[in-house]
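Multiple structures are listed underneath, in structure tokens.
In what follows, subunit A forms one complex with subunit B and a second complex with subunit C.
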Partner chain A sequence: MDYSPHTDEQVAQMLQTIGVSSIEELLANIPSEVRCRSFTLPTGLSEAEVLSACESLASPNRSLRELASFLGFGAYPHLIPTVVDALASRGEWLTPYTPYQAEASQGTLQLIYEFQTLICELMQMEVANASLYDGASSLAEAVLLALRTSGRPRILVSEAVHPHARQAIATYLQGFPAIIQELPHTNGVTDLEALAAASKDDVAAVLMQQPNVFGCLEPMEQAGQLAHRVGALFVASVYPISLGLLKPPGAYGADIAVAEGRCLGSPVAYGGPGLGLFATSQALLRKVPGRLVGCTVDQAQRRAFTLTLQTREQQIRREKATSNICTNEGWLCVRAAIFLSLLGPQGFRELAELNLQHAHALSERLRELPFVEPVFDQPFFNEFVVRYTDGVRARDVNRKLLKAGLLGGLALRPWYPALGESALWCVTEAASREQMDHVVKTLKTVA
Partner chain B sequence: MVIPKDFRYTKTHEWTKQEGADVLVGITAHAQEELRDVVYVELPAVGKTVKQGEPVAVVESVKAAFDIYAPLSGTVARVNESLSKSPQLVNQDCYGTGWFFAITPSQPSELSALMSSDDYTKLITGER
Partner chain C sequence: MMSDTEPLIFERSVPGRRSYRLPPPDVSARTVQDLIPEEHLRHEPPPLPEVDELGVVRHFTRLSQRNFSVDTQFYPLGSCTMKYNPKLNDRIASWSRFAHMHPLQPESTVQGLLRLLYELEQSLCQITGMFAFTLQPAAGAQGELTGLKIIRAYHAPRPRPRSGGQTRTTILIPDSAHGTNPASAALSGFRVVELRSGPNGMVDLGELKQNLSDHVAALMITNPNTLGLFEKEIHAITTLCHEHGALVYMDGANMNALLGIVRPGDMGIDLLQLNLHKTFSTPHGGGGPGAGPVGVSRRLADFLPVPRVKKTGTRFAWDERAKHTIGRVHGFYGNVGVLVRAYVYIRTLGKEGLERVSRMAILNANYLKARLSETFEVPFDDHCLHEFVASLKNLKSFGVDARDVAKRLLDYDFYAPTIYFPLLVEEAFMVEPTETESKETLDAFADALIRIVEEAKTSPELVKRAPQSTAVNRVDEVRAARELDLRWTPSNQLVSA
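Up next, the complex of A and B:
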């Protein structure tokens, strides 16, 4: 319920102290369109009446509990074993924030240490941190690391890296004397000739995504070699679930591997929260942003866990810190550790296989429809792009599907106008045969 | 505490020692005692041009990090590579094998303007 920490007199006193006449004046600089609009609830309602009014306000929202989602572009429906919720909801896991009085929280530290170990194994990288906010900010932190370490100004980023992640990088780099150069894609994958031509000795890092934003598999190994030839860092942004089948970043020479880790045991919930995974080679250990947990022994030679290499962090190194992140995504990190431990290597591989099989099955069935054609001729994991022909528009298709309780592929036009009426579909292990039948049946009524 | 007579010093606790055309730089016994166990030293790139008073290296103990400032303007001629594997040399032998880097001075007169061992002794006794 509403919490009012201050009396009217206290508020008036504070306003007077800072020299503004009202709360409204204090907030005047915030654009009106992002201001909270009143719920215009009548006064004098009971608790139950307020709840019911709010539920009715929220009722037009439709959640993934009632819709079957085939929406690509970064937020995917994945099944979450009940055990994850049961364990992660225990008070010991639910309440701890990132460790501040660190060494008193041995349980939390041990969990983060196990999490880091799991991420290292998954990515086949040597070092992983305790997590960052989300995949996009992890990628932006990788860019900062590369600029700082190399002293070079240029970042090469593929157009086939998620546009939201590229926006996050642009936001992070405001005020930096850095140059972001985008590399074009050809037939759904990054143009290696363009990469080779742009690879000069002023390049700090090359950024690629695997699978890329179109779901296509990129030639990561060759891209990495081109980056390394000019002494640039190779940064791979990956989709964790795909690593059950695809080569991990460590196997193709990535210096930094980042990912959105929400798919590891946490739900899609509006825009977040996300889980930023960040892993590097040993050589970059001291440049890693965020928190790192290490394992050591205490005075009595017992195994103990500790926050380590804290001299990288802002509370000690001030303006020369490797990052201004002094936290981690605690609860999602707990959930990811439980999820990965539960599945194990075999289960994780089977999960990836299910994604691959489901996506390829639906892709084939969609292509059989008269107004659907494939866009790229590339291997893919669980996302793929199709184009609608015969004057069928992506948004009309999605409207029809939504009426049938289905979220169709994302219309790509706003981000990639050259692709025309294309849609990015995703099929995960969560999609049932009945749901896929339902999609095909509904689409048959479109044109 | 050892404060060699023939070295010259800065207020920020670096020592300097002429060696041929170059000037060796390290941190004083007082500085390494205050720092406690040094766990990492970040050294400048050889060939880098530095200005007097500019931060050029970083020394880290377990829970603190400090900048090391260039006592003189010039070019970094050499760095002590062995510190990357053995940062404890800074504690064990701060005036010898624990040196940080060598500068080829561009303005040699800056050297004579640095503190003598007597002045530096006064500075650190004052600090206590």
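Up next, the complex of A and C:
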């Protein structure tokens, strides 16, 4: 079926008004040599048939509602209040475009203004935009901003920044005369001596992640000082949920703070859509990529909202724009704004604390197992790395856990071969005591 | 009746008020200070608003009512393809076994979803005639960026025919192109050369010839172009580019005109992005998320981003290896939630349904153009495809411009067309009705525009003061840019009437 409403009679009337006898006549300008000869697609289906076809695609999958997950690594399953889905699924949120006509888009515009404020408060930063695609591309945009602003060629990025984000940066920088230099980690955190040694006056930005890819807490304040000493921008990639407890980027002098914001009220959705959060200091305001909403008044002096500073953007500046971004992740901003409003300051702090407590509880119990040892001696938030000893392999551990309906910690070998048989475990508030008991009980049968 | 303003969520805040309750900790708790050193701790929780659940529900419901949307109004925004977004697609995308899946869970537990992604790639190949697709780009502009990185990588190891070593550094872009095209090219480290359109609004072959050289990496072309016209010389254009060793990138934002009518791959296009949130009906969400899959010809397949979904026998798996891959542009696999919706759409419509989509979209655009032929001048007038661009310059003698007409339409309960784009039409008014609108809606819209033009002649002030029936009237954009206020602080006072 299709969603076109015309009856045959109406089609005939419309053709008559146009002054042609067939739709084919309207296609006369398309040369016959490029007309479509054939293509193969299954025939259309009724709603019931589509549901049944999609059910058969869904049935081999096992969701995070069926498996107890201890996977993180940039994608964190969190509880989503019912109100978020109920409100965000309204057509008025789902089906408008980017709010170009301000007077007919005050809902979206006010929401984005509230969203910008909420993100500023979360990050303790001065400016936040209306979102970018995801955490990885936000970090890449931060790098582009730093290169553009400083005129310097070198980017220092910690190896403890998520490898996918580092790969995205490398892709974004193809074609630019930039140098990406990776900083090693020592005992799970970025080696500050290496950072100090690499900090020269050709450095545009220093990139760190908090908590880092191993879940460990980085010495952000010292790193930021080292970056600033040589006039480089300090860029922090953070995990929004952790900011209920952890020092925000603004408090340790980050010039740019980015994050994957999907954890704020949106499902993991197999990694996408994400929600790229992007916040800066006031000094960088006019260099910010993406949309910004400002508060102003209408002719009756009533409070009103509109897209502003559009002269930074591609639709005006074309090849001189601060970024090529057009569509962002608006609907996830809606979800994040509702989520943060429901949690409030106390709820948000409790949420972070639940993550902290759950992760530490499981970490302690795993360490009691004879073949499990900690890898890093560092404070952590809700992720931690363990190593399996006695010849136990991470893959085998996870195979065993999967049979019991559990998704064990991520085997890190593909990304960090030097860590050997190590696994990154993540425990959020969504994991229950029973699930942790189940993990420990199952692991006891491994070796 | 809609009230004048809705307070900010922060203004609804009362200290100590709570809504969502978390489960109690069921592990033996240690103190936070015990687990995290003081230097890492935040002293005060972030100052989020403190609102009860009903307060949150009312606030965001009332805010939503201050929006126009496809679900509530006709939304003829040119180049944006604001068609109906089927509810069925949202329903299926929200199923746990699609929405609540971890990107790193074992492939054995994701076979159905991987099959869906694989079949979506195959369908897009069929629809466009391209050889292979990546689903990773999160939006049209990121698709363009991906395409340009592929172009760069493709040319990188090849020396120019006459002078050694240096790679091709220029991208040719017609002046009618969307702003993302030059922005994406610049972001990929290319130099942009703009091609002047010919007198018929299309790419001028002479101008193209003059600018083609062994410095040119690619031509970026939009077809149908932003005037809604099919580039008739497309075959000559692609042939010419290929003769000069340049690739041809097509901005597929206007694919809603071509389904089952033209396949870009058949006309020599080397690569293109599709905007699934346009042609394939996924909701725009007030500005995203979208999805911008990139399709390429056979010779470019090895350059696509990784990972790619591969089928071996009956099993599906992610493959990180590709000989010349440009790497990754997204944290994981792209906007899967959007991809599921597009897949459902394609299954629902099938081959015949998709063929009908473009034909009905073209019928609707031409019908509206015909209904308005006495009212507006349409430069480059010819049968259009899915959209058309009128010029409202004749109204200027009454002191009324395209912006005024757009705002007045809001009073008639229609969202406004795209205005002042493309740049080569003075007082441009770009209308894309899409195939899902009924004749009754199109007639009502045409009637409203005819009436507004009358108003412009007889009582221009009415049009210039519009809108008056919306949540707010004309917004002071100059003040917004001059007195920047991008976030609320407790000292911000509510401006009263």
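The definition used in the following text is that the second predicted complex is superposed on the first by the 384 of 447 C-alpha atoms of A that agree within 3 Å, B and C clash if a C-alpha of one lies under 4 Å from a C-alpha of the other, contacts with A are read in each partner's own complex, and residues count from 1 in each chain.
Simple rule for what comes next: a contact is a pair of C-beta atoms (placed from the backbone, for glycine too) under 8 Å apart; a residue touches a chain by one contact, two chains touch by 3 or more.
This is a predicted model, so every value here is computed, not measured.
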*With the two complexes superposed on chain A, say which partner A:Lys444 touches: subunit B (first), subunit C (second), both, or neither.*
neither
*Mind working out whether A:Asp134 is in touch with subunit B, subunit C, both or neither, as first, second, both or neither?*
second
*In the superposed arrangement, which partner chain does A:Glu429 touch: subunit B (first), subunit C (second), both, or neither?*
second
_As a test of reading the superposition: which chain, subunit B or subunit C, is in touch with more residues of subunit A?_
C
*Now for A:Arg229: first (subunit B), second (subunit C), both, or neither, which partner does it touch?*
neither
_For A:Ile316, using the defined touch cut-off, is the partner it touches subunit B, subunit C, both, or neither? Pick first, second, both or neither._
both
_Output the subunit A positions appearing in both contact lists, the one against subunit B and the one against subunit C._
316-317, 320
_Touching residues of subunit A toward subunit B in the complex: what are they?_
286, 310-311, 316-317, 320
*Can you check the complex and tell me which residues of subunit B touch subunit A?*
40, 42, 58, 60-65, 67
